[in-house]
Every structure is written in structure tokens, then in C-alpha cells.
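Shared chain: chain A. Partners: chain B in the first complex, chain C in the second.
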Partner chain A sequence: MEHLDPSLVNWSRAQFALTALYHWIFVPLTLGLTFLVAIMESIYVRTGDIWWKKTTKFWMGLLAINFAIGLATGIIMEFEFGTNWSNYSWIVGDIFGAPLAIEGLMAFFMESTFFAIMFFGWEKVSKRTHLLSTWLVAIGSNLSALWILVANGWMQHPVGTHFNSDTARNEMTNFWEILFNPNAYTKFLHTISSGYVLAALFVISISSWYLLKRRDMQFAKRSIMVAASFGLIVSLFNLTTGDDSARQDALHQPMKLAAMEGLYDGKTNAPIVAFGILNPKKKYNNDEDEFLFSFEIPDGLSLLGFHSFDAYVPGIKQLINGDKEYGIMSVQEKLDKGKIAVTSLGEYKKAKKEHDTDKATMALKTFEEHSKYLGYGYLKSPEDVIPNVPLTFYAFHAMVTFGLWFIVLFMVILYLTMTNELKEKRWFLKLALWSLPLGYLAQESGWIVAEVGRQPWAIQDMLPVGMATSQISSGSVMITFWLFAVLFTALLIAEVKIMTKQIKIGPEEA
Partner chain B sequence: MFEQLSYLTLQEYWWLIVAVLAALFVFMHFVQGGQTLLYSLGKTEEERDLIVNTLGRKWELGFSALVMFGGALFAAFPLFYATSFGGAYYVWMAILFCFIIQAVAYEYRKKPDNVFGSKTYEVFLFINGSLGIILIGIALGTLFTGGNFIVNDMNLSHWTKSSYGLEGALNFFNVAFGLMLFFLARIQAVLYFTNSINNDAIVRRANIVLKYETWIFLLFFLYVVGSIVTMSGYTYDPQSKVVSVEAYKFLHNLIAMPVVAGMIAVGTISLLWGIASTLWLKSKKGIWFSGVGTILVVIGLVLLLGYNHTTFYPSLADMQSSLTIENSSGSHYTLVAMSYVSLMVPFVLSYIAWAWHVMDKTKITIDEVQNDAHHY
Partner chain C sequence: MLKKIYYFYKDGFANMKLGKRLWVLILLKVFILFAVVKYFFFPNILEENFSTDTQRSNYILQQLTEGR
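On to the complex of A and B.
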């Protein structure tokens, strides 16, 4: 196992980021809108009010446009682990492949089967069967999120696994540990609830546009009422799951947490930065200030990470150099142990090939003692473990700021709807309309925090991205990167145009 | 209960599941076949809409089957997933591009303001149905003819040719395999339309397609089957795992596994009966026979590849790197865990069958499509 071409790693990462970023534009809306549509159809079935059927069908139409491009951008994600991360696919495929396969079996067939009934079955099945199909589409898409986040949660916090030196891969030892990995389910809950928030914003934003245009008023008000109630509940839930996610980072990915907060120097009673501008000259080993400007909430980070005002939160400096007082090993030491693991694994394989049992036993013993640090053996210098701090920091703060704003937005809208003042408050309707792009920005930011914040690791502390790629020429990845960029952008433009047109046509024609 | 099974039994069980998934995927290719017949069968806009909407209720199942196929290979045979997808990069990427464009084509084709116009989305459907299927055939053909990869001591693999799998398209057997699938897809589409569309003009034209293309399909089918029974294959020693060449390997496999040989024979007869009964007895049920036939033949071919100490992915660059169900699978633990998951398969198949039944109870007509607010 030798180091791979850095440009190959960069292009592979760029392509994965591009395709995941695009896919993530569409998934959260599907996760939430399927539920909103199911709720609306439930109201129709309960009340028999044909107005609700019309409302359901309109939102369902928009869902279909979004769903199609979600599938288009999604199929590549299933195969990209193999095409672009084939070393990864071998080294952790024994664990990682399972949730992906279960996702296919449990979720994709459910979605695709009942999607057909949901769209084309209005006249072919009974009202209740149709409603059940709509709910099953919602459940199916959320089950899909569950399994992919079990897989992703495992990448952030690998559990239930053991490295088998004969096959040279990590193998699953406990399925339940992987399924009930705390990182996986906090991630799952935070992700789906953020999707519900986006769907609520989507419905509110479009309905606000109708109110501003003074058309389809009854439809818009009803939709807003459902979406804002749903939105408020799920955004509060999203806040608590966000808190859980940060705690998971504190426990298992302290470097990510430090990058999220631009924390170079660890401390007890660590404050949280509500707003700040990072000092570009700051390095972990110089004495520059961390921020050019910042507004901090005392003890906030200690509280967020460890639920205690005076908890110690390590900074990037301590995580690199180590801190004996708090039991933190230096990265250099991990690197040294990792190199021993890499060498002894090679010696073990060689001795086995030569049928030299004694040598193999010795090498294996050395390897087992150091195998925990195997991943570090592929890094060049301690600094390699620092992710892109500005990107992680700003993405995190954007996500949190927008998330808090959405809670306020949902509260105010609910209040104004109940007092029947909403349609008069045109400035607020405009604000609601333009909050939708913020929802998308918050979504992408969240994804950036999760994925950029854990670099250089494909699997936390176990496998760096540099070791994980397929061994192909960087030129070929560059070609497919640009093909994806062009095709997905073209499809996105088509999707936005079609969606906008359908909104302009309105629910009456749906 | 799966815990007690031997590692080899689990590997064989999972290879069977892969075979079933591959068979369902190939069966669903009737959607792709139909996409390529859009203009041959539909002469008016209404007729084309009818065809698109008939296929539009089924395309996602094929799409899901492809994704599931990838997922099952990843979970059960990760070394194949890593070696083939990461090595034959261009081929798999090309296949994926063909499916990406399919996913939007149905929904966007007739929507106002779709930027590129209906024709573009119809071209997408055509590319998916033609190039997509032929490339899949080429990729599957390499399971018989081999790929240019090397797997090292750490089980990490690389491709030895910078054409990253495209060189497979220069092998006549692989191309014939692709064309065989392509014509099979079109024949299946014709039989499906005959069964589920209530429109005389379309069904009449479909019958003409069937009359001619059956012969082209048979030509490729006979060539492929003939090649398989006469070609050499790689075999491995059950103890030492050393790979060697064996003349008439697949013929030997057929003799050694009469059940598999029987499946292929019964499948072929059923497939031909599906076609013949439609052509000469004016039966509308041909798709059932051809469908079951296709599924049996594909399962048989895949089992022929993986069982009886055969390398299911021979390496042309280094014979000992060839993949077998034994050296490429997940661990015993993972295969056991996934085997429990596989108990869901009958449940999934039964709700798919139920949904299929309720949606296809009555034949689809132009009126139904036009009266449905949400039509493609």
C-alpha cells in the first residue's frame, strides 16, 4: 500500500463532493415533502374535502419533478464508492456495503413501487390504499436516509469492526453496534428533521408568492398553516438533534469540533463564537489571534460539547501536539505507531507468502499492538489531520444562524396566520419567500461541516482519503468530473425552470 | 439459522441472490426496449404518449433493481465491486450516465419550459435503451471473457489498460452479448405492450417488429450460447485455490450441474414459446412466458459463472488475480447478517407483484393517459 497521486485524490474528492452536493439539493426536499403530502392527503381522506385533494396533487406534482432529479443524481452515489474509491470499497466494504444493500432492498423498492401507485393509482385503487401508498413513499424515502446515514455514521465513528490481517480489510464483528451507533442515529435524526424544515420552507415560500400575487389565496393559506405547524415542531426537534450531533463530534471527532469553532487553543469554560471573522494568518503553531473579530457566548462550547459549563475542550494545538494532562496523545506519536503498523502488516503478508511461520507470528503480534493507528501510518505529517478550518467554521455558523432564523420564521408565520394578518404583511411574505434559498444553503452547509470537518479521514482515524481512492489516472476522473458538472448543471436548470413554470400554472390546473 | 452454514454455502447462497437480481434487472429491460421503439410503434403524439406512460409506471423498478444489484455486490462480493467498478471505470461510468438521463426523461419530457425540448428527453430514453443496454451486455460479457486487472497481496486492485474497460467493446463476444440483450429487450417490450396496451395500431406494429427481430435475437443468442459451451474458462483448485485454464469449462459446468442446464433449457423454451404464441396464436400472455424464460436463463448463466470452482471474473493481466465467489466475498459474519436481511426478499417481491397487479388490471388506453392530470 503506497501513497497515491495527490492530484488523483483531489479530483476524486472533487467529483464526490460535486455529485453529493448536487444530490443533496434534492434529497432533503423529498424527505420532507413526502410527509407533508401524506399529511395533506390524510386530511383529504378524513374530511372528504376535494380542495385538499387538489392541494395534495399540486404539491405531489412538484415532488415528482424533484424526485426524478434526485434519482438521477442518486444512482451515481451508489456506484461511486466502487468506481472512485475502490481501495475504500475493499478495506471497509465488508461493513459499508451492508447498509447500502439493505437500503436498496428495504427502501428503494418500497419507494419505486408505491410511487407508481401514488401518481397513477388515484383511479385504480381505493382512497385508503392510495393514502397508504403515499405514506409508504414517505416512509421508504426516510428509511433510505436511515441506512445511508448508518453507513455515514460508521465512517465518522467506526464501531463493531476488526481489522483482519489475512484479508487486509476491516470486517464486521457486530451488526447491532453499527446500527445503533449513536453517531448514526443522531445524524439520521438531524438530517431528516433538517429535510422536514426545508420542505416546510418550500411550501411556505411558494405559498407566500401566491399571497403576494393575490392568487390562489385559500390554497396558499391552507398550505402555509400545515407547513408552518409542521415546520415549527420539526425545527425545534432539529435544534435538539443538532445539539446531539455536536456532542458526538466532541466525543469522537474533537478535531472537527475545533475546526467548527475555530478553536486553536483548548480551554475549560470554552466560549462559543456566535459570530466571528477568522484571522487568516493563524496557524496552530503560531501566536496570532484566532479571530480578527468575534462575538462570543461564555462557556457555550463547553456546554454544547460536554453539557457542562467548565468542561475542557481541546483546541487544534493540543490535538496535534498532545496534552498529557488531559490524556491526549500527540499526532506524531500516532504517526510513528501507524508506520510500525504499516510495516509489520507488510512483513506479515510477506512472511505468510514465504511460509515463514515464526516471522509471521512476530510480525502479526507487532501489528496487532499498533493496528489501532494503522490509518495514521499513511499520513505524511501531523498537520495533515487538520481539516479546512475556514470552510468548516463558516459553514457551521451559516447552518446554525439560518436554522435559528427558521424557528423565528415559523413562529411568526403561525402567529400571523392565526390572527389573519399574514396576507397584509407583504414585507414579511417577501422575507418568507426569500428564506427558501437560505434553507438550501443551510442544507449544503451542514453537509460541508460533516464531510469537510472530518478530513483527511474517509473513515475516522482509520483510513485517510489518500489511501481510499481507485488507482486510476487522475485525467480520467477529471473527464468524468466535468461531464457530471455539465450534465447535472443542465438538469438542474431544467428542473428549476419546470418547477417554476408549474408553480406559475398553479394548483387550479393541477 | 444462517450461522450454522459453512462459509462456502453462504457464498453460494449470495451468488444465487446476485443471480436472481441480475435476472430481474434483465427482465425489466423491457422498459429500455420499449424506449427504443417509441418512434417505430408510435406514429402520432398520442400514441407515443401512451407508450411512454405505459413504460413510465414501471421504469423505476428496473432502476431500483440496478441499484440493488450494485448494493448486493458491494455487500456480498466487495472485491468484485472494488475491482470491476474501480477498474473498468469508463464502461461503468458510461452505463451510469445512460441511467442518469433516463431518470429525468419521463418526468420532464412533456413538461412546459423543460429547456431542452421533448425530443431531447426522447433521445435520452433512446440512449438509455440502446447504448445503456449494449454496454451492460459488454460489461456482463467480460465475466466470461475477462478484464485487465491485477489484485495485489493486500487485495487492492488496479487496471492495466488506460482504456479502463472500454477495450471490452473490441471483443466480439462481449458486443454480441450486448446486442443479444438489446434485441431481447425490444422483444420483451413488444410482448409487454401486446399484453398491457389497448391500442390496435400499436399492437399491430409491435407484431411486425417481433416477426423480424426475433430472428436477429436468435442469431446473437445462438452465437453467445455456442461460444459459451465451446470456450475455455478458468477453474481453481478447491484446496490450493490456484487458478488454471480448462478447455470447455462451461460445458463441463453444465454437465456437472444438471439443474442449471435444465434451467437454461426450460428458460429458453419458455422464452421461445412466449414469442411463438404471440406471433402465431395471437396470444396476449407471451410476456409471462418470455419473462419467466428470461429470468431462468439469466439465473442459469450467472450460476454457470460462479459455481463449480469457476472464476466469475477472470483476469487477463494476471490469471491468479481472477475473482471467485470464495476469494471476493464478504466475511462469514457479514454474509450471515445479510442472509437474515435477504429473508425480506419474498416480502418485497410480493408487494411488487401486488402493485403490478392492481396497476395493470385494466389495459391502458390513450383516453386514460389524457384524462390523468399527472401523466408523463
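On to the complex of A and C.
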């Protein structure tokens, strides 16, 4: 990596982050709102109350706007794979190809058929057929997300594959191991349930606006009741899936967990930081305090990571230097093994070219023994494996704080709705209205934790981002970065404008 | 049956209010993405520079073993 242009890697990463973060403005709302709409329509079919039909159609309209504007924003990431990340795309091989092909086919058939019935079929098919289509849209959209997250889970914890030294590609050895990769399904469940929370906030926020304006009160109260009940259930589920995700990090990405908690020195009975300000002078190899200020919950991190109060949680220092007592290998040792993997791969390639079978067999054997550490062979120093600690730490704590606030919000709203006091509590309605941006911040923070926290890896331990990029000029990546920034901002403005117009029209006219 | 499906979609599109504007937006976006962004800015590097998978493998192996 000596001759690599660092600005190329940074711009490629920035561009991918920009695309992914903008894409993720639209996706979670679709994932959750499809279910809320399906629940509302189920109530309509069950009760025959025409008001529920109007309510369903109104939220379905907003779902259509979000879906239409978000549609194809994800395809840009596939463009980027081929141009900016061609090494990565090749090395990943069919691990990405198979899940994405399934996702593409499923999305196409589900969306073109059942979406059409959902939007066009109100007066053309029976109530039950329409309801079935709405549920299938909800299930189908969420299953689409499964395949993407399976691919992402593999990057975080590569299983079920073998690196082919002749083709430089990963080959799938066990489809089920990839599908049931614990990192993949916990990520899937945590991600979709966070989308449901966002959708509940969306419905509550807009309904609160109607209540504040004292219009469409009946519609707003009904919508809030459904959204708050749904929101509370999925929030609690989201909490458990978040706990599972942290456990996966503890087992497979301990550096990410250490960065999430700003933990430099490992310990048993490790506390979790409820609130803290990191000390900017702290490095893994100095004696500065980790925090300028912190409020900690005793044993919390041990419990979160290992489900045991007295479990040992390694800090950044132990993960870099190694700790024999706890069986942690130093990064320098991994770097040495990685260099052997890189060298032996080169020797294998050379011997094969020279038709020296014995030498090729020996080189391949050495490579296979050290291939687990291949990615470390491209790093310059042990410190390279430390992600951006402040960004990971603050993003994680923002996500958790907002997530806990949403649980309180849903509970209070349910109570106030049931006691018929909600419309009088204008300050609380304002709080509910402005909680929606926090929902989006929590969504984006979650992805920042997941992706920034695992740097420098494009594929954990196998391929650092520096080796994953293509040999192109950083100037062209910079140009397209700004192009996307403009395009996505225009789409976001369009989304907000069309949606606010539709909201102002209200459920009666819509 | 096919006729029914045809009229289902035709009437659905014809009766759209908000949907028409959304379709214009979708088509415009897809055009910008595929005809401009993909075509001018995002070539598939390995597809363009090499004609066979063997060449692509050799190139990546070279990157992995000989540095960049």
C-alpha cells in the first residue's frame, strides 16, 4: 500500500458513505410504513369502518412518495462497486452476487405485482385480496433487506467461504452458513426493527401536527394509537436485537465494541458509559484518562458484551498489544502472519507461472496456513486497526439515547391517548413532532457505528479499504461525490416538499 | 386474462393524481442515473480494461502480491 494515494481511499469512502447515508433516509421508512399500513388496512377489513380505509389510503400515499423518491438510490452503490471498489468487488466474488441477484428478482416480482394491486386495486379486487397484497408488499420489502444485510453481515464476519488463490475470489462453500451467520441475522433484525420504530415516529409526528393544528383529530388520534402501540412493541424488540448485535461485536469485532465504549484498558466487570466526554489526548499507549467526564453503569459492558457481570472485556490497548492471559494475539503478530500470507501468495503465483509444481504446492500450503491474517499483511503499523474512536463512540451513544427516548415517548403517548389527555398536552405534542428528526439521526448513527467502527476493514481481517479501491484518479471520485451530493439533496428537497404538500391536504382530500 | 391485466395497469396509471408526478420523478431520476451518471462517470473498471476473467484474476493477484 506504499504507493497508494490516501486521498483516493478517503474520497471513495466519503462517496460511499454519502450514498449509503442518503439511501438510508428512504429505506427504513418504507420498511416500517408498509407494516403500519397493512395493520391499518387489517383493521378496516375487520371492522368495515370507512374511516380506517381513508386512514390507510392517506399513509399509503406518503409511503408511495417515499418509495418513489428513494427508488434506485441504492443502485448507485452498485455503480461505485464496479468503478471505485473494483478490487473489492472481484475479491468478494459470488458472496455479493448471489444475495443481490435474489434480492433483485424478489424485489422486481413482489413490487411490480403486489405494489400495483396495493395502489391500483382498491376498487378492482376484493377487500381480502387487497389486504393480502398489502401484507405481501410489507413482507417482500423486508425480505429484500434481508439479502443486502446478509451480504453486509458477511463483510463484518466472513463465514462459509474459501479464498481461491488462483482466481483471487472468495467462493461460497456453505450457503446456509452465510445466511445464518449470526452477524447477518442479528443485523437484519436490528435494522428492520429500527425501521419500524422510525415509521411509528413518522406517523406519530405527523399526527401530532394535526392535533396541534386542531384538524383531522379523529384520524390523528387513531393513527397515533396504532403507531404508538406498534412503536412500543418494536422498540422493545429493537432493544433485544441491539443487545444481540453488541454481543456479536464482542465475539467477532472486539475493536469495534472497544471503540463504541471508548474502552482503552480492558477489565473484568467493565462498566458501560451512560454519558461521557472523551479525552481528546487519550491514545492507546499513553496514561491519560479515557474521559474528561463520564457517568458509568457498573458491570454494564461485561453484561452487554458477554451476558455476564464479571466477564473480561478487552480494551484497545490489549487488542493492539495482545494479552496472553486472555488468549489475545497482538496485532504485530497478525501483521507478521499477514505478510507471510501475502509473500506466499506471490510465490505461489510465480511458481505456477514457472510450472514448478513442488514450489507451488509448498507456497500454497504456507498461504492456507496464514490466509486468515491476509488483510493484516497490507497494514503498515498495528495502530492502523484502530477505528475513529470519537465518531464511533458518540454515534453509538446518540443511537442508544434516542432509542431509549423513543420507548419513553411511545409509552407516554399511549397513556395520554388512553386517558384522552393527549390533545391538551401541546408541549408533549411538540416534543412528539420534533422526535422524528431524532429517529433519522438514530438510523444514520447506527450505520456509522456499524461501518466506521469496523475500519480499516472492507472485509473483516481479509481486505483493508486501502486494498479494496480501484486504481483511478481521486479527482474523478471527487467530482462524482459532489454530483451525488447535489442530486441527493435535490431528491431530499423534492421528498420533503411533496410530502408536506400532501400532509397539508390531509386525509379527507388525499 | 392478459387483457384484464393490461387494463388493470392502464386504468391504474390513467387514474393516478399524485402518482403521475411521482412517475415523472422516477423516470427522470432513472434517466439521470443510467444514461448520465453510469454511462459517463461509472465504468466497470475490470470489465473495461480486461476481456477475460483470467486477465482480471491476474490483475487482482498482482495488486495483492506486488503492491500498488
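Just so it is clear, the second predicted complex is superposed on the first by the 501 of 510 C-alpha atoms of A that agree within 3 Å, B and C clash if a C-alpha of one lies under 4 Å from a C-alpha of the other, contacts with A are read in each partner's own complex, and residues count from 1 in each chain.
Here is the rule we go by: a contact is a pair of C-beta atoms (placed from the backbone, for glycine too) under 8 Å apart; a residue touches a chain by one contact, two chains touch by 3 or more.
These numbers come from a predicted model, not from an experiment.
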| After the chain A overlay, clash or fit between chain B and chain C? | clash
| request: Scan A:K372 for contacts with chain B and chain C and give back first, second, both or neither. | output: neither
| Which partner does A:K425 contact after superposing on A: first (chain B), second (chain C), both, neither? | neither
| message | Contact-wise, after the overlay, does A:Q471 reach chain B, chain C, both or neither (first, second, both, neither)? | response | both
| message | Let me test your reading of the model: by the given contact rule, A:V342 touches which partner, first (chain B), second (chain C), both or neither? | response | second
| field | Partner chain(s) touched by A:E171 [first = chain B, second = chain C, both, neither] | value | first
| Quick one: chain B or chain C, who's touching more of chain A? | B
| Given the touch rule stated above, what does A:G82 touch, chain B (first), chain C (second), both, or neither? | both
| said: With both complexes overlaid on chain A, does A:R215 touch chain B (first), chain C (second), both or neither? | reply: neither
| said: For A:K497 in the superposed arrangement: first (chain B), second (chain C), both or neither? | reply: first
| query | Between 152-160, 170-178 or 224-232, which chain B stretch has C-alpha clashes with chain C? | reply | 152-160
| remark: Residues on chain A touched by both chain B and chain C 1, 61, 64-65, 68-69, 71-72, 75-76, 79, 82-83, 86-87, 89-90, 116, 119-121, 124, 167-169, 349, 470-472, 476, 480, 483, 487, 491, 494, 498, 502
| query | Which bits of chain A are touching chain C when the two form their complex? | reply | 1-4, 61, 64-65, 68-69, 71-72, 75-76, 79-80, 82-83, 86-87, 89-91, 116, 119-121, 124, 166-169, 342-343, 345-346, 349, 467, 470-472, 476, 479-480, 483, 487, 491, 494, 498, 502
| said: So in the complex, the part of chain A that touches chain B is made up of which residues? | reply: 1, 57, 60-61, 64-65, 67-69, 71-73, 75-76, 78-79, 81-87, 89-90, 93-98, 100-106, 108-117, 119-125, 129, 164, 167-169, 171-173, 175, 349, 353, 470-473, 476, 480, 483, 487, 490-491, 493-495, 497-498, 500-502, 505, 510
| chain A-facing residues of chain C, complex | 8-9, 11-13, 15, 18-19, 21-23, 25-26, 29-30, 32-33, 37-38, 41-47, 53, 56-57, 60-61, 63-68
| field | Residues on chain B engaged by chain A in the complex (per definition of touch) | value | 53, 57-58, 60-61, 63-64, 66-68, 70-76, 78-79, 81-87, 89-90, 92-93, 96-97, 99-101, 103-104, 106-108, 111-116, 153-159, 162, 164, 330-331, 333-334, 337-338, 341-342, 344-345, 348, 351-352, 355, 358-359, 361-362, 372-374
